[in-house]
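For reference, chains read A, B, C, D and E in written order, and residue numbers begin at 1 within each chain.
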Amino acid sequence: MLKVWNRYRHNLLAVSGLAFILLLIVIAIFARQIAPHNPYTMSTAARLTGPSSSHWFGTDQFGRDILSRIIYGSRISLQVGIIAVGFSFIVGTVMGVIAGYSGGWVDSLISRITDVLFALPDILLALVIMAILGPSLNNLMLAIGIVYTPIFSRIARGAVLNIRDSLYIEAAYSMGVKKIKILWHHILPNILSPLIVQVTLSFAFAILSEAALSFLGLGVSPDTPSWGIMLSSAKDWMELSWWTAVFPGIAITLAVFSFNSVGDGLRDVLDPRTGTGN
Amino acid sequence: MNDDLLLDVRHLKAYFRSKQRTVKAVDDLSFTLKKGEILGLVGESGCGKSTTTKALLRLIGNQRKEYLEGEAFFEGEDLIKKSDKQMQKIRGNKIGFIAQNPMSSLNPVFTIGNQIAEVPQMHQRAAKNKAWSIALKMLQKVGISDHETRAKQYAHQFSGGMKQRAVIAMALAGNPSLLIADEPTTALDVTIQAQILDLMVKLRDETQAGVLLITHDLGVVAEVCDRVAVMYAGKIVEQAPVDELFHHPQHPYTKGLLASMPKIGSRKKLIPISGHPPNLYEMQGGCLFQERCPFAFDRCKNVEPPLHKIAENHQSACHLSSERMNSF
Amino acid sequence: SSGNSAKESGTSAEADQKPVYGGTLTIADLNDAKGLDPHKETSAQSFHYIENMYDTLFRYKDGKYGVIDKDLVNDYTISKDGKTYTLHLHDNVKFHNGDPLTSADVKYSIERIIKMGVRAQQFDAVKSIDTPDKTTVVITLKQAVAPFLTFLANPMNAIVNKTIVEKNGGKLDQADAGSGPFTLVSWKKDQEMVLKKNKSYFKKGLPYLDKVVFKAIPDSTARSTAIRNKELNIDLQLTAKDKMLLDHASGVTVKSVTGTYWEYIGLNVTKGPLKKKEVRDAISWAVDRNALNKQVKFGQATPLTGGPIPPGHAYDAKLDTFSKRDTAKAKQLLADAGYPDGFSITLKVGQNQDQVDAAQVIKDQLKAVGINVKIEQQEDSVFFNALGKKQFEMTIVGWVGFVDPDEFFYNIFHTGGAYNQQGYTNKEVDKLLEEGRVTMDEAKRKQIYDHAQKLIVEDAPMVFLYANKQSTAMTNTVHGFDVNPTVTTKSLESTWLSK
Amino acid sequence: MNRDYKPFIRVDHLKKYFPVAKNWRGKNSQYVKAVDDVSFSIDKGETLGLVGESGCGKSTTGRLLLHLLTPTSGSLFFDGQDLTQLSKQALWQKRREMQFIFQDPYAALNPRMTIQDSLHEPLKAYGEDKRTRSETIKTLIDAVGIPSQYLNRYPHEFSGGQLQRIGIARSLALKPKFVVADEPVAALDMSIQAQILNLMKELQHAFNYTYLFISHDLSVIDYMSDRIGVMYLGKMVELTDRDALYQEPLHPYTQALLSAIPIAEPQRSKNKIMLKGEIPSPVHPPSGCHFRTRCPFAKAICAEKEPEWVEMKKGHYVACHVVQEAHQ
Amino acid sequence: MGKYILHRLIIAVPILIGISILTFFLIRLVPGDTVTAILGTNYDPKLAHKLRSEMGLDQPVILQYLIWIGHVFIGDFGTSSFTGQPVLSALMERLPITLELALLSLVVALIIAIPLGVLAACKHGTRADYASGTFGMFGISVPNFWLGTLLILIFSLHLHLLPSGGYQPLSAGIGENLRSLLMPVIALGTAVAAVTMRSTRSAMLDVLNEDYIKMAKAKGASTARIIWKHGLRNALVPVMTVVGIQIGYLLGGSVIIEQVFALPGMGRLALQAISNRDYSLLQGTILFVAVTFIMINLLIDVIYGWINPRIRYK
């Protein structure tokens, strides 16, 4: 563990990414203490005012403080990112591993299911699922989770197929290691790399899906401070009040950036072959 | 200077540097190669054989972490001093190169013919169909049957032996006067290996090109080489004509190598060289082989033995052999 | 109420100008028509696309909201008891395919409307339709229907060509079966609908325009950019924000009138605390309509402190029940009702952005009196389904009121009315609304509706919020287009483009 | 050889066909006949060598013997039991007694597991407790000469020779009776090769292992084996005592193979039999005798009929029309 | 290759059937139906009942499905319950627009991303590399609708260079056509470009370490030749796989982009069909989008086969 951290430490980008994510988590937890204003409080007088000393990032069309909303919004975005992607990562990986490892009709069945889900455009699928379940944070995460599942399933399956025939798997089997153990100890750790890359990419797309669904009117409850909702409602104000659109945008970009650098760093570090030396 | 001299390498050094350490892959290496001569470069894995070839072709030395020093006169001109543009004209044209791994040296997305034809296209500005016919000729020359169809195929459709021959065809397409072959048969079966070695000898006979043949198979050396240079930890430790080397090895490392080879018909227990080769980045002074050497004595610890002439054409870098010389 | 006096004077100046013939007018709307069958469409959105292909017996008078004008009808009489309508049609009206428009077509059209169901209730009272000759229609009613002329003037109660209807297998979703000032050339859904001048239009000299192109541009930035770039001539319905933007745009004129689209908080009187009148009143007192108007509508709407009929309308009741927000009173009422600490309640909204915004402001406002609102946004179709089934506690939504007071009240507040989603019932109101329907005398009718409105407002099945502005942006080359509270585009027949 | 003796391992008419192409209905339509009707036996404590060119089915034979692959047909007796008839559980129990040493020790170790974990794994699989495991491993790595402080390292931190020692240690951890060594030294250097070969021999003496030793290097095979089988394109073509094979090879392929071995004695004159052509594709092997396309002695009958597997002399089996006719 | 395509087409059939089943039943799980959507604010239970039985919506769902799929097999996708237009003809009108949008976005993205990715790989570790990495991250994290609006404000409102929206068919001239699609293409293609660029970069880095690159160098090939001829084509092999995954994003993203730029494509149709619960239209649209997805993927596979001879002969 220490070894891993020591290697990770040397990757500047990955470390700053991790630092930013930790910061975000702290911000999300202590939003109430950190936020300068109540994110829900409206003010007719202070609507759409630009950045100032009392509102660093300005206010939105209801006079709510954008900085405070971004701070509270980190809760939703992190939740959506982590839980939705976590869901699709776990379910998709399990599906893909089962398909790739067992082969035969199980593989065909799972692959066809994946193909079907894959051929449906994600936004439409998410839209229909949201329409069925109704808008709420949990449903949103579930819908995004379902939508991203086939990608993970496909990647996991491909990776399993790639290493299923590798010599060390055969070696373990020849020494009497049971298949389920092989799955856990040999296959899973070795397919992690491509999955981690996809996790970090999907994190970005999950946050954006929240924004897209909000844009189409099917996100979380509209007064919730979420980066996606802020961005989609700010879209109409871009011309009049740039700050409504720019600051949440920066927040998303930074978060995505951090997750990506952490993912890249993790991938390098988890592979004992790289990450040593320089 | 000898007119026959094709390649004269003097004090070649090639280091790989990183933040933590410097790997002295090739360290003060000198050897010569005559026209029409096949020089075998032997030594165990990691001793710097491939790095030597790359240094000669200047495939290394362009990045900050790669350090290159010394002289390598090829047809009278120092390769190390040449600009990259000038080297481009020499590579593939005057110096043919057969890389260590034929399986991965062929580009998977172009046809074999295409890759061979590229050489005359680049170096002789040959027109497309001219280049293609040269490629066909080369394939035929290296003994690939049905060469017209084969030329239109891809690497994955070739067997290992055919790939190796295609690489040779590529290396020869520019009519080089020097052929550098880095373990050209390691991955091949004996019957195919025999075909390829045969081919190389024939080509040498035809074109009088000099060949630098790198291998760690002493059997191969014995069969095709005129002269042998034995490399250990970035240095040449012994250099001699083939017969001389096999029958009167001087350096303990050479002796160890010969002893560790199984010989058909002999059931004697093999005598491996004990220990491991030194790390190329934490070398202390003295003879590099001393830790594994059964004959090592005090001087070996402190003084690095230079490459000594023992007989005409026979050099060895060992205090013992030089001592013996002196005592004559 | 509209602050564009300078521009309005520009409008009067244009009356002096002589209309110019020719040109193509491009007009943008939020969404495309769903279909083209006037007798089937329910969405006000679709009307704008359809109405210029057809003629109606009567029409809303340009610039005079609430006044009914003749259209296909040249001359008419209504019997004293209000049960017999004798209509004489113009004799030179031709459908777009050249067929003459006769009394038989009128009879056929009304029968089709009844058959199609959507607006059948407007003709519930019809006993018979007779066509003594080609230009005369006699409609006999079972009892008097006061708003009957208004109904006949509804642009969707259009006269259609029987031949064409039958040729299309009874469906007009894609076809033009009208006699209106413009003829359908092509309709590429979501792209554009092209109408061309009807050369044999029965009104001599009309229309002026050669071509009208309708475009559906859902994105408001794209729409407001398009008109500023003069890619459009008319941006039909502006959001409050767009109006603000375009008010200052060069070469573009924004015209606004108080519209008939009124929005309200629906309170389901059958659910929980809302069963109590005091609670509903408390909510009504706790809502700050002015602030809401400012925050959601940029102060452009007209707050409704009384009932739904907007100021300026002939039937405006001049009620000012909830003139100012009074949280103290609201709290008192809540305490009286047994909710001194307030309660929690859900507020459903659909996808309409203004209503979604309003919901957030209202949530904020009601918090002040201890009512904890949870906003639940739903997809429109789900939302309206829930409304229809009365599956909501609070909601924010709006109605387009059209013209006659009956259209504002009967189906919405009458016990068991088709759209009485709040489950409101009040015997006295029921009686008044029934009376209003059959009373032909204007003055007496106004009294009835004033009274009914007062009762409704006090019962507060709804918190009436505001009546929206109908704002339209036009490039300065557009003349003669009437910005109508009902958003009708019927005036295109007399619109012209200066060069 | 003693004929009353029940062989430790016996395979009869073993076949393994791999599907390589499917037709449009998804049915298998083409096969690689990797092992095509092979029969032989191995005695207890004996080493059977298996040689042949790349792709001739050596590894597949090895895998079949350990039942890592299910044979397409044929039977396979291990210690008197037909492995093809055993239940999963029983086979798992038997697996303890037979182990595999892989050609590429690096690829056979999980790159993300420390050597320690890799070594523990087989013992864990058979439910050994931690103390026994640690002790077993300690003795094993001592035996193969790996310092115990290296246990926490990852495979990529070792040299090839060290890795192969680790591989051998791991395969022997379960104290098997039968070991298939699939080209265990092919990836190694000459000097390290000697260490490994010696090690394997020592262990065999110490624990009476039975080996199936696979290699394409005839000198290595010669050094290790008691008897040798020669394979060509899925078929066994010759099987006999080591000495008999080297002194009087019968099959033309064996003869060519032996002559092609490069011998590290420069002066020795050799009559090389240079084989022509390429090894045919195992998907479309030639009719009759598979070797006939490259055989210098091929006759008409060779294309028509598959040669039979005949015991020409005592314990000397050959499948060749030419040889069999000559002996008649 | 022909056989391969045929095989892929055959596999597509069960996928499409799966999609048809999934969408058919999913749509019916969504609360509300065609009738509630038609009636909207004017919902009246009696009228609704009448309409429902007219449309056959009161029959068992399985039966409805069988009837529908039966018709689909003979090429009858039904008619839209709103416009009354045959679904097939509506889709045929929309398909070219979405297809053009998606393909153009793809092509533009690739044209930009691949050279940038190659450049980043060659200038590995330099400022150019970091700059392109930052662009990549930006491209991934910016929502397309946001970018779309920004483009309208800049190019249409302020610079007056491009129309704010709407579609000009090819018949209006290729220039007009491209002008109308330029901003949508950028808005939609940016994320694809970003992802493609990143994967091109890492694929290229891998490829540049391959032996055949060293061999090309040893043959005397110039740097440019090594990169663009020997390197790129190999790097494209994994990139094409990534591109295949992006197709779904392109088609999904077109739903939003068509809305922002008022393009009459399938995405906008699908959106309306969902909110209108226009069942046969929605089913048809999704089926068509899926077919489009499969076809573009097949196209990519063909390109893939062209790039990578190893799979060409399988």
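The working rule: contacts are C-beta pairs under 8 Å (C-beta built on N, C-alpha and C of every residue); 3 or more make two chains touch, one makes a residue touch a chain.
Everything quoted here is computed from the prediction, not taken from an experiment.
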Please identify each chain that touches chain C as well as chain E. A
Would you say B-E or B-D is joined by more C-beta pairs in contact? B-D
Approximate Å spacing (C-alpha centroids) for the pair chain D, chain E: 53
So the centre of each chain is just the mean of its C-alpha atoms; given that, what is the distance between chain C and chain D in Å? 89
Find the geometric centre of each of chain A and chain D from their Cα atoms only, then give the gap between the two centres in Å, rounded to an integer. 50
Please compute the C-alpha centroid of chain B, do the same for chain C, then give the distance between them in whole Å. 91
Would you please write down the residue numbers of chain B that are in contact with two or more other chains? none
I need the residues of chain D touching at least two other chains; which ones are they? none
Show the residues in chain E shared as contacts by 2 or more other chains, in ascending order. 30-31, 149, 153, 157, 259, 274
Using the touch definition up top, name the residues of chain A that touch chain E in the complex. 112-113, 115-124, 127-129, 131-132, 134, 151, 154, 201, 204-205, 207-208, 211-212, 215-216, 228, 231-232, 235-236, 238-239, 245, 249, 252-253, 255-257, 260
Can you name the residues of chain E that touch chain B in the complex? 210-212, 214-222, 225, 230, 233-234, 237, 307-310, 313
Report the residues of chain E in contact with chain A in the complex, numbered from low to high. 14-15, 18-19, 22-23, 26-27, 29-31, 137-138, 140-146, 149-150, 153, 157, 195, 245, 248-249, 251-256, 259, 267, 270-271, 274, 286, 289-290, 293-294
Would you pull the chain D residues touching chain B in the complex into a rising list? 53-54, 159-161, 189-195, 197-198, 216-220, 222-223, 246, 256-257, 260-267, 272, 274-275, 277-279
Residues of chain C defined as touching chain A within the complex: 220-221, 241, 244-245, 291, 294-295, 349-351, 353, 356-357, 359-361, 363-364, 374-379, 382
